[in-house]
Amino acid sequence: MVKMPKRTFGDDIRVALLIIIIIAVIYPIIYVVSPGWGVVLGHGIYWVIALIGFNLLFSYTGLLSFGHALFLGIGAYTVGFMYKYLGITSIELHLLGSILSSALVAFLVGFVVVKYTRIFFAIFMLAIAQIFWSLYYKFFWITGGTDGIKVARFSIFGISLENLDFASYHHIFFYLVTGIALVLVYLMWRIVNSPFGLALKAIRDNETRARFIGIDVYKMRLYAFIISAIYASITGALAANHHRLVTPDIAYWTTSGKVVFATLLGGAKMFIGPVIGSFIFHIIESFAMRFIYWQIIMGLLIVIIIIVVPGGFIQLIKTSIEQGSRLIRR
Amino acid sequence: MIGVEEIIIRSYNIFFGASILFLIAVGLNIIYGVMKIVNLAHPAFFTLGCYAVAGLGMGVIINVFGSSPLAPILIAPPLFAALIVVIASLLIFPLFLFMSGKGDEVQLLLTYGLLLIFEDLFRLIWGSEPLRASQPYELAGSIYIGEYIVPVYNIYVIISALFVALLLWFFLFKTKQGILIRAASMDIEMTSALGANVRRVLLITVLFAAFLAGLGGGLYIPSGSVMLGMSVELLVLAFVVVVIGGLGSFLGSLIGAFIVSLLRTITLILFPELELALIYIVAIIILTLKPEGLGGGKKW
Amino acid sequence: MEILKLVDVRKYFGGVRALENITTTLNEGELTMVIGPNGAGKTTLVNVISGYILPDGGKIIYSGEEITRYPPLKRIEKGIVRSFQLVNVFEGLTVYENLMTALFSRMKNYNRMYKLVDDYVEVSNEAENLLKLFGLIDLADKNIKSISYGDRKLLDIAISFAMNPKLIMLDEPTSGVATKDKDEIMEKIIEIIRKTKVTSIIIEHDMDIVFRYGERIIAMHQGKIIADGEADEVKRDEEVKRVLLGGIYA
């Protein structure tokens, strides 16, 4: 029986999950050596979620958005508001809240935006993200403005974590996030390999033909948009709990840039690209933060990647493996 | 009751804003119209113009000319800014060559990367504090209309923008080179088949757009300040100008600039926090009713 | 049995009369070739029947139902399927995936997210059968970019067939194909049409092919139908000979 094309390692769910599991395994060792790096690994894991969501839109549906920070912001501020105005620390409710709020916003925004593609979509998303950012900034009496909203430690299964030492608290957070990431990555893989995913790819490749075989292009794009938004928002909610501070920065255009950059870095064309990209990005960011003009490096790297190695890190690996095996054969 | 004077003042502000937006939007439109390249970093050229004057040129100009003769102090900064920006555009011209003919994604990502680089470069060279260069503005003085004070400098900006618009119109519609560029914007293959050197057309276009953006920056800065994050704010505004006016349309740049400036002035009086949101809502409405924009351009 | 009826269909583009006085009736299972010089209105005719553009006047009646202003999607649901002159397939997918997409779409399953594509065994079997029918089974796993133009054309038509058409319209199915392959591909298409007994309209320029396979021919010129009937009749029609055939068949 004919099956779907044999998946290369780049699209293999086991590789994706394995990468995350390996990180989770080495985390305790890393943390003991340097808690700072342990925290970086934490960033890496929950950002995987947002990047995988972004890539659903970008590589699988063909929609490039420069405004993904919008939904990271929604997730973060939902947590911020839930804590500040309702006193909620339950991580479960935080996640539920951010899923609902992002789905709603994504529906309203997507409803209008998804009719358009390519240039308009990209810049329009940037503009909308900026609009929201400016709202977070201006309505400071609600959002805390640039000072932001401080968030207490989250509680899990109703159990407060206030009295733990920082290390234990962080470990619990880390493994919670790992679990969530594993589930969400697996779900995304299923989505991408379902008939829906196939329809998205068809829309990406030939919108007219897709329409002419009866696919509701607009609706499919809207669904993809909403799913992508929910994923980003979950990352935002986790970030809010990780940093315990919600500021407008998370909704600023440079955060959208990080999303795009990290995805490209790992390699957008393969499923595991964003997974790898998240870790490489955060490791580089940690080093480069000392060099405070790190945005220049990020911009330069984007330019270089686009021109020289558009397939990102995975392409680099593939090429090196090919070169390597060629050398070995000699 | 809104008096005549207040209307004059508001209109004055609207025209001033429109002049600045026009100078940015028309460059974006030219590059897209002719070379089908969308350059997200274009507003960074404008910002560069502002920084060039505020962080470098104005000091030199004052030293050279002293602070009394008005004319050189009005004219030198915009020209200086334009020069700097043109040089910058020459430096990154190879990127434009690379982008020409490539898909939207490539252009969007590349120019987005440029935007990131520019913004941090500004921070690297000129720091994070806003900069000013208000000497021409102050020297030009102000006049009274009723109880309102109107800065003369802004009148100069409006006139300059009109002058530039007229020159541009003349160039694009009445000269051989201009007609060639407009032909190229309609069909670049045909134009090259007719013997025009596509590379040269691209170069002229990029330099032109850079010149206009730099000029705009140099004109604007005495009346305000330049700070980080301005490029993206301008991009968001320039984009809506182009959406309303129509992508690739010269007339659209004028119409769009005027409408956006009008909307901004109105919303700034009524609901300052929602300024950008309201402008975009209007843009969506216009887009839904007339997808090519009001000036007639490419459909989105 | 009548399946498609066009009554005085008209379409203008500005001052150009793309379609004028188009009146004809097609019967179920009939294979109709539409011929005519460039600009005669053949593609416009297909566009109007498929809903790609709406006519400025006249009626289109399909299986007794007036579909004149129906959107394309609705017509597809009723079994009116068309292919395009230029190959129009899904570039980033494999041959197999192309067909699966079409099949899922036909079954209205394309928005399902909870099962993997591999789990749909029946759909997969149907895709396999179609691939065998079109002789593309060996290319199933190949990416579109690596197969020949002729095979891409066949895939294009296979996608149309995956929609379970009752009326299929093919716009120059062998255009762009290397001359030596044209016959083979056309043979294949005709064979499938005869096997599935689907009503078909084929726009074709190659007169050899037209007269070899056409049962019924509609000849168009400047937006009007100048001849409409059995192949032999049309062949002998004076105006058709003058306009289309030049000296060879005169």
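Worth pointing out:
Labels for the chains are A, B and C, by order of writing; each one numbers its residues from 1.
We adopt the following convention: contacts are C-beta pairs under 8 Å (C-beta built on N, C-alpha and C of every residue); 3 or more make two chains touch, one makes a residue touch a chain.
Quantities reported herein were computed from a predicted structural model and do not represent experimental measurements.
Which two chains touch most often is answered by the contact tally, and the pair is A-C.
A simple rule picks the central chain: find each chain's mean C-alpha point, then take the one closest to the mean of all protein C-alpha atoms, which gives A. Centre-to-centre separation of chain A and chain C, using mean CA positions: 44 Å. Measuring from the averaged C-alpha position of chain A to that of chain B gives a distance of 34 Å.
Here the spacing of chain B and chain C, counted between their Cα centres, is 50 Å. Of all the residues in chain A, the ones that touch chain B in their complex are 64, 66, 112, 116-120, 122-124, 126-128, 130-131, 134-135, 138-139, 253-254, 257, 260, 264, 293-296, 298-303, 306-307.
Within the complex formed with chain A, the residues of chain C that make contact are 72-73, 76-77, 82, 84, 88-94, 96-98, 100-102, 104-106, 108-118, 120-121, 124-125, 127-128, 131, 137, 140-141, 143, 159, 162-163.
By the touch criterion given at the top, residues 1-6, 190-191, 193-199, 201-202, 204-206, 208-216, 219-220, 223 of chain A touch chain C in their complex.
Of all residues in chain B, only 38, 40, 95, 98, 104-106, 108-110, 112-121, 123-124, 232-233, 235-236, 239-240, 243, 273, 276-277, 280, 284, 300 touch chain A in the complex they form.
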